[in-house]
Structure formats: structure tokens, C-alpha cells
Amino acid sequence: MSPPPTRIGYLGPPGSFAHEAVRGLPGEHVAAASVAAALAAVRAGEVDAALVPFENSIEGSVAGTLDELGELSAAPLHIAAEVLLSVHFALLGRPGTTLDSVTTVATHPHAEAQCRVWLAAHLPGAEVVLAASTSTAARDVAAGRYDAAVGSPAAKAVYGLAVLQPDVADSPGAVTRFVLVRRPGPPPAPTGADRTTLVLYERDDHPGVLLEMLTEFALRGVNLTRLESRPTGAGLGRYCFSLDCDGHLADARVGEALVALRRICAEVRFCGSYPRADGAQAFVRPGVADADFAAAQGWLASLRTLGQ
Amino acid sequence: MSPPPTRIGYLGPPGSFAHEAVRGLPGEHVAAASVAAALAAVRAGEVDAALVPFENSIEGSVAGTLDELGELSAAPLHIAAEVLLSVHFALLGRPGTTLDSVTTVATHPHAEAQCRVWLAAHLPGAEVVLAASTSTAARDVAAGRYDAAVGSPAAKAVYGLAVLQPDVADSPGAVTRFVLVRRPGPPPAPTGADRTTLVLYERDDHPGVLLEMLTEFALRGVNLTRLESRPTGAGLGRYCFSLDCDGHLADARVGEALVALRRICAEVRFCGSYPRADGAQAFVRPGVADADFAAAQGWLASLRTLGQ
Amino acid sequence: MSPPPTRIGYLGPPGSFAHEAVRGLPGEHVAAASVAAALAAVRAGEVDAALVPFENSIEGSVAGTLDELGELSAAPLHIAAEVLLSVHFALLGRPGTTLDSVTTVATHPHAEAQCRVWLAAHLPGAEVVLAASTSTAARDVAAGRYDAAVGSPAAKAVYGLAVLQPDVADSPGAVTRFVLVRRPGPPPAPTGADRTTLVLYERDDHPGVLLEMLTEFALRGVNLTRLESRPTGAGLGRYCFSLDCDGHLADARVGEALVALRRICAEVRFCGSYPRADGAQAFVRPGVADADFAAAQGWLASLRTLGQ
Amino acid sequence: MSPPPTRIGYLGPPGSFAHEAVRGLPGEHVAAASVAAALAAVRAGEVDAALVPFENSIEGSVAGTLDELGELSAAPLHIAAEVLLSVHFALLGRPGTTLDSVTTVATHPHAEAQCRVWLAAHLPGAEVVLAASTSTAARDVAAGRYDAAVGSPAAKAVYGLAVLQPDVADSPGAVTRFVLVRRPGPPPAPTGADRTTLVLYERDDHPGVLLEMLTEFALRGVNLTRLESRPTGAGLGRYCFSLDCDGHLADARVGEALVALRRICAEVRFCGSYPRADGAQAFVRPGVADADFAAAQGWLASLRTLGQ
């Protein structure tokens, strides 16, 4: 893997979940106002990389991140690493605030969606105000604009708030996957526990194209771990596909699948091969290991030149 | 189709895009505070149906609507109709407001995403505040809380606002698809230009299950028009699939595909067969028309009893 | 199963392997001069059924039998049962004949192919003459026309011959599968260990039609146990497909596959569902048992009428 | 293509259809007693090549030729060219013979199968005797052993016979495909109108293996023109697959399919890439031309080293 970046953007302001996640990465951490701003700073070379949320086990994918990575009119970006963060939503207020005095609660729409039942049950009379991020909401609470915020416990120290209630998520155990995004460069070396992210654009919108794409993976024993359709902007019913698969572009089975997709798709946007945060080794079924490809290709080369 | 509902909820408050879309439906229109609230009112029998946003040609699916329809622990709901609305975002302000005096702009996150470039170019200094809906934003502008709102031109009349700028979307031509959701009942009669919405839960998370599901559609000539993965909440990498296909559950090819999916999936949530708003007739390739199924089934029945 | 036929034709003359195989079937046994003659007698009602060779574990299928069953211009015939016979080739001669005095050996081309190495090694100077059947060859030896015949040990008693050498096959363990063919009628009841024989004619000769046919079986968990292409007579490269699958046309998974094939093929010739001679129970994977189909069809029927 | 062989074996004796076919090939023509003998002479280096029948549009494949080419325990052989011959069956007799004096007719089993109806109609009382080849039959007629032979009109001159009836085939228009077989060597250069012959052995006898093999061809747009199952000799229900596909092993799409088959099969026996006798250019669909593979592989190579 290339040397660790020294300036890393993250979805701020400080006290966000992204801030909590970026702490494990060495370097200087620079808050950005939005995912778009964080990735624009990477593209412009203002930071070496940016850590942005990619998907959440409850709320699903972060559309803005997916769309920025797949946008064909923008410079390509690659994922170089991923970070998993267990998400604990706390209700934060200024010190001294009591639950029954809360009349306004600010938070990000994703957090609101994950704590809706708790808020309705415990703060039925409070107005819920949406904010650009949970840390913006905490900052606004510190500034006295709202009574409470739903956000990361990390925001407590940043903004001098108190935790009014520690775990207010409707479903415990939520996990957010963040990805470290940088400008393209030689990929990190394969580890045996890698993931590859792609965005595929269909050549035509005929029935069966997605089936054909999936078959290219399946035949080569490449397991998909995520598949999302996203609108291309060309009209309802026109989609591209954002996906993750097991393995690394240096693996023979992944490389041949990429070649196949490149042949059948209008466009393949490669978004990086990188180590899985959970370290799970890819299952490589018999016949698709690098050695199997090498042996078969050697056989073919000999047939082509010598006839046997 | 069943008699038209007389009380129809919609994602309010008045002046929202949903409000604009619901105007074409006969009956009394009742604003709801959120998609969840609108659908809860349907489940509770407080309204006969609700019109909620389903997907947008730029922003993609509305996660909250998809998740409500697919939620296995809640009572099933069916889509009975769909409405397409061309979305025109206007910048609205109190009468007399000029562009260069705008310092705060409120809007819904989806609208913000679709007008981001315009806002950055024309109101570079303005703070963008997120709101629960574009009509909430318009209401807050009318109340003097913010200077301007990005929302539906329909909000102009409802809140006594002026249009400061008529079309502020970064990409013109956006379309939102709304769906009319009601409690389950006998489906509307097939029209030849129908759509069916399903949510599929895999039996196991083994490679190739999605491929198998798609093959069940493809073999019977049933065209998919939308496919989304959504987290099931059981952890990262655990998804269900929300999809639309051409055709009606009364069609033989769709019915047999449903039977196959029911056999191979852990759960199939049927979310309705209903007329397409664009009236596009399904393409039925040779061999999969109702008459083809009937002839082949007649042949089998005769073989089974008479041997020929 | 229908009452056992009382007159059964077989590929004669007496002393043939078919004669050996037919002995296990109750009724009167009638020798026919050829497979075609045996099946013509069934079609004409002169016999109730005929036992004819279908395939051999060394030589492969018996083209004449396959083509007679698949011939679209002739009346359909059904297989009602199968018989497996271990084939032991003996060298037969008139009593007193010694190996070194043999200068001519008569036999059927299939037997010749299976004993070619033995004959070349042990009777290098002998002329090998082809005959219409191994029993014809034995009869001709008895008549003094040739010195020896390769055929069934059963021919010994029929023609008063001696066994010069008991096992002259190049590969021991050959098995021939015979089928009992009759005019179409209600199929025998399913036993759980059944086989179904079909001949499929493609609608067009486009790439992928065979793939589509095989997918119809695979998706429903129906295992193919034999697949042969046979020329249709319409020119080189024009084939139909003769195949066996596990299961019975009364099984839901087989029935639905038959309906699908009937829809996509130009012609499906059903050639019978009948008990396997080896009694091997079909493996029925989860999701394709009759109960799975019944449950899923009940669910669909309820959805279609009640909406849930 | 390599220099033309100078000694070419063929399935004799002189006057056979193979003799008729071999006349178009420059070199010395050497009759062999059987397909096995012709191919053994190639393996032993006694001839440079051999022309043997491969399939007939009426009778199907020649099992002996298929099995010799696929036999894993024997040295590999490659097809270097193919010859198509329109087959006209003549009834031959000694000069002066009249139809109504014919009481015995000799011929090869394949010829007998193709003229059965004519013989039954016009020579109902004649005994039909099987011979090792149609030219053997003609030779035996010349020797006075039988009254007439069904065979190639070419046998007339060779054996001094008369044509009693010129066209006695039940279906006119039969074509036999002969293949020129030699020891392995560098394959002939691709012409754009090539064919490749393979024999595939399954790794396990599980459902769906054949489906997987066919999918490897279909995904890469490689059209199959022949597919035969042949018993492996390991018992009933154990098969290998003999097939022809469009294209040449030097073509990228064929090469990648070969690599895939080699990975998933227990054994792949390559039996040659050679020009089609009919000169039909392979249809190469968009995305699978050599240039498509080269472009996609160049893209992958750049991604792997530079990241873009």
C-alpha cells in the first residue's frame, strides 16, 4: 500500500461520526462541509484523501457518495481503505437540560430515520429539525438554537454538551462503513481479504443486461457483497449499478471479470481494490484461483504455438 | 380498478410536490407530516390511500417509502396507481425579496442535492438549511424564519410567496414518480400496460441467489424496470431487493414467476400490480403470452390423464 | 401402472441380448427383425409393447431407437419401463470348433466395436463379418455360414452352439439399457424413482437455445441423466435433442418444466415417464417439491382474488 | 496452413464415399480397413493424415470417429480440414443384372438405414446383408457373393459394376462431413471462417455442469454448431461431450472460452481449429472481437499498474 496520506478530509464538522471514524487513521484531519466538498478537495489536491460514509446497515447506501464515485464527468477517485464504525446515537443537550424541557431536536435525516420511534415515544411533543450533519446539529445546540441534538457521543466533548440519553437508536447494532477515497494511483497490494468497488453503465436498456453482468461474476466465482442501482439522470428507469465484489483487481478471476464487463458495458468506472476492514478472506472455489488461470493459460499458449 | 378512495393522504404540508401530484386524484386530500405518517394513516384506516414519492429520476429511490412497503413486521400495503410529476424547482421568497438579499435558503435534502450547483453559483454566500420537506421550507420562509426556499411553484399560492427564480435545478427534466398506496384488496384489473412491485428476501446469502431470482424473470420474458437493494437491518451486507417489473399478477408469465420466487425466497412481499402512468404496453415475446401458457398447460393436462 | 402387456416384441432373432432382457417380463415374447420392425408392430397393434435397446454404457445410444421415438411424422410411442442388462460377449462356435480354426467371425457392429481389441489380439487372421444382430450371427454360425459369432451366451442354447471363449469384451462391465415401448396411454403412477424421456425440437437455430432449454430444467431442480443431439434430417448442423431427466410428468417441477419447453420449443415429443430400473430416488432440492409448488400456487391464487 | 500431407489414408476399400471425398486432396491416397485403422496409421506415422467420416446429415455422428478423437488414453489427433460430400446412394450390380433378379443386397449399416424404405418398396423379397463399408459390399458383389450393393456411384468404375438404380436414398440431399486428421502441430492460420472441435470431460456428474460449459461459450458469443454426448465407458449415465464451435483457437473469444473450460473440466481434449468447408464467416457480435478483448485487456493492465 502506498504511504499513508498526511492530510485527510472527513465529513465534518468536528464531532461527527466521520470524525470518530477518522481518528484511527494517522495524519492531519480536515473537516469538510459535505461529502461533495470532501471529495472535491481530494480531486483538487487540497487533501491527500477523504474519509466519507458509504453505507449504513440500517439506512443503506449514502447516495451522494455513490454518485460522486460513479460520476463519469468528474475525475475518477479510488477507495484505498474502509473503516467500520459501530454507530451509537446519543441525545445531546447543553449541560443542565432535562428531557422534559426539550421542545426542539436537531439531527441529520439518516439519524432521524434511525431514531424516529424513540423520539416519538419519549419526546412526542418536540419538533424535529433536520440538519446537514449530526455535528452541525450539535453545534447548533451548543449555540442555543435548538434544545437537543441526536448525534455521536463524540460531539459531547467537541461542543461541551451533556449526554441526555446515551442510546436512542430504534435498532441497536447499526454499523456505518466509511471509505477512504484518494486520487487514482497504483492499487494497494492484494491481501487475500480484499474488496473491489465498481460502477457499471449498461450499453442498452434491454432485458437481461444485468443478468449478463452478474453471470460474468458468477462464472468466475467472484462473490458480490453489495449491488445498488442508481439513476443515471437520463430519465426514470435509466440506471447504473454500483457494486462491491470480493477480491482484488490483481486476482486473475477479478481481472478477467473486469475485462468481460469492459467489453459488454458502455462504461466501467473502477473505484478501487482495497483490504476489507473485517479481514474476511475471500472464498476461492476450485478452478478460479490464480494458479488455475495460469495453468490453463499456459496450456492454451502451448496449443496455439505447438499444437499441444 | 376498485372505486376511487375518497380520503387520500399525501406528504405535506400543502404546497409540496406531493400536493401538486395529488391534485389529479378525485377525493379529499389530507396532508401528512412524513411518508411514515402518511402510510401509518393508511394502515390505521384513517385515510383510504396515500400518495407518496417513490423515486426520482435524479436522486433515485425514496428509501423511506421502499422500506415502509417492504417492512415484514408491518401490515402489507399495495400500490394501486402511480403518478408521474415533472419537477420544477423554484426559488421562492416573500414578495419584494431580491436575490442579492438572500442569506438563508431552506429546502429538503433531495431538492438541495438537485440544485446544489445553481445555489453555489448564484447564492454563494447563502447558508443552506435542510428542512423536512420543501413545503415546510416554504412555510418557514413565509413565517420569516429564512429568506428563501427551494420548492414547488405550487407553494407560491399556498404561502403567499413570490417566485424569485423559476427553474433552479442543475439538470432540467427531473421526474418524480409517486405511488398511491392502500390496504390490500383485490388488485385492479390488468390493462396490458401494468407494473408490479415486489420486495424479495433471500433464503441464504450465498453467491448467485440474485442471479437465480433474475433468471426466473428473464426466462419468462418478464422485464425488470427497477431493482434496488436495501439493507434488511440484520447487518452490513444483508440486503433485500425492491423491484418493479412489467406486467400484472394476473398475467400467466408474472404469476408463474411469482410462484417461483415464493419457492426460492425466504419471503416475497407483494406490493401491488397497477397501471403504468405512461401507458407503455408490456412487450410480450413469443411463447410467454397467456395463450401460450394456456395451450402448454392444456397439453400437459392431457398428457397426464390420457397420455397424449 | 396399466396391466402388463401380454404380447411383447423384442429385437430378435431368439438368442439376442434383447431376448435375454425380455425374459424377465411376463407375457408372450415375439421376435422382430429390427428395432424399426418391433416398433412398427407396436404402432400397428400387432403386439402390446416391444423391448428394444436404447443405450449401451460403451457404445452409446442406439440411433435407430432414438430416431423412431422422436420421429414427428410417425405416431407417438411411450416408454413404460426400462430393463438394465449386464452384457457379456461370448465367442460362440459349433461344438468341436477350436479357436485356431476360426477364419470368419460374424457379429453386430456394436458388438464388433466392443470386442475389436480382443479379436485383433486373439484372432488376428480371421475376417470379421457384420450382421444385423448378434443372434443372426449365431444363427448363421449354426447354419455353417461362418466359423464363430460374438454374441450373447443365451444364443448357445437357442442354436446348439458351444462357448469357445466366455468373455471377449475389451472393457468388462458393459450395461445395455432396454426400454419397453407401447402406444400412448395414461402414464404409470409416480414411484419417487422415475425417469422421463423427451425429444425437443428447437424453434430456431440461434445460439443459446439449448442453453435456454437446460436452464428450464436447472431452475426447477430437474436433473438431466442423458442428453443427445440427433440430426433432424434437414441438413448438417440441424439437430433435435433426445434426453432423459429424473422425475415423472406428474411431479410439479417436471410438469412446469414441460410447460416451459412446450412454450419455447417448436415441438416437444413426450416419450414417457416410467420407473427407473435401478430404483434410485430423485434428489428433490428444497423449494421444488410438490408441496412447495402447491403452497406457492395457493399463495398466488389468494393474492389474485383477495389481494393477500 | 502447414504444407499438404503427401500420404493420406481414407476409409476404404477403393470406391467408398471416403474415396470419393479424398480425391479432392492432393497427395497419395491409401485405403484403410476401418476408421480405427486409418487413425492408427496416422498415430504411427505411416501416413501424414487420414480422411474419415465424421457426421452425416441423416444418420448423425460416426461414433467410432468421435470416440477415437476423444480417447484420453490414446495420442491426441487434430482435425486440419473438413470436406463435405453430397451422398448419392446407387444400387450397383454386375452388368446385366436386373432389379427383379436381385435376392441379396449388401451394404453398410448407415447406408441401409438411409435406404430402408426404398429397399422395402422395390426389393421386398431381397435379403439385406450388412457389410463393413459400402465399397466392401460392392467388392463382394463384383466377386459374385451378393447380387447387388447400395453404395457410392464411384464404386461402379472401381469394381466394374453397373448402376441398377441411381438414387435409392429415402431422403435426397444427404451430406456427409469428412475430416482430415493428422498428428498435432501448429494449427492452420485463422481464416475468419473457422471451426474448432473439442471433447470435454466433466469434473463431477452434478446437475448443471453442462449448463455451465454452455454458458462459457454463450457469454463470449461463441456459437456451438454441434454437441454430442458420448459414453465415457465408466457406466451408464457417464458422458463426455464432443462439440464443434465457430471460430479458431487463435481468436480471443475462443481462447478465453478454452481457458475457462480447462479450469472447470476434468479434461479438455482439443481436436483442432480448421477452415469450414462451407466458408461461412463466424458472426462476431459486438464486444467479443479480438479488438474488444485487446482494448479491455489494455485497460486492465493500465489499471493494475498505474491505477487508471
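So that you can tell them apart, the chains are marked A, B, C and D in the order they are listed, and the count of residues begins at 1 in each.
As a convention for this text, a residue touches a chain if its C-beta (ideal position, glycine included) is under 8 Å from a C-beta of that chain, and two chains touch if they have at least 3 such contacts.
Model, not experiment: these values are computed from the prediction.
Within the contact network of the assembly, the step distance from chain A to chain C comes to 2. Over half of the residue numbers at the chain A-chain B interface are used by both copies of the sequence.
Centroids built from CA atoms put chain D at 59 Å from chain B. Note on chain placement: the centre of chain C and the centre of chain D lie 25 Å apart, centres being C-alpha means.
If you average the Cα atoms of chain B and of chain C, the two centres end up 57 Å apart. Among all residues of chain A, those that touch two or more other chains are 215.
Viewed as a network of touching protein chains, the structure reduces to one closed ring of chains, two contacts apiece. Against chain A, the residues of chain D that register as touching in their complex are 76, 78, 184-187, 203, 212, 215-216, 219, 249-250, 255-256, 258-260, 262-264, 270, 287-288, 292-293, 295-297, 299-300, 303-308. Considering their complex, residues 36, 55-60, 63-64, 84, 109, 113, 116, 128, 130-132, 171, 173, 175, 177, 207-208, 210-211, 214-215, 218, 221, 223-231, 233-239 of chain B touch chain A.
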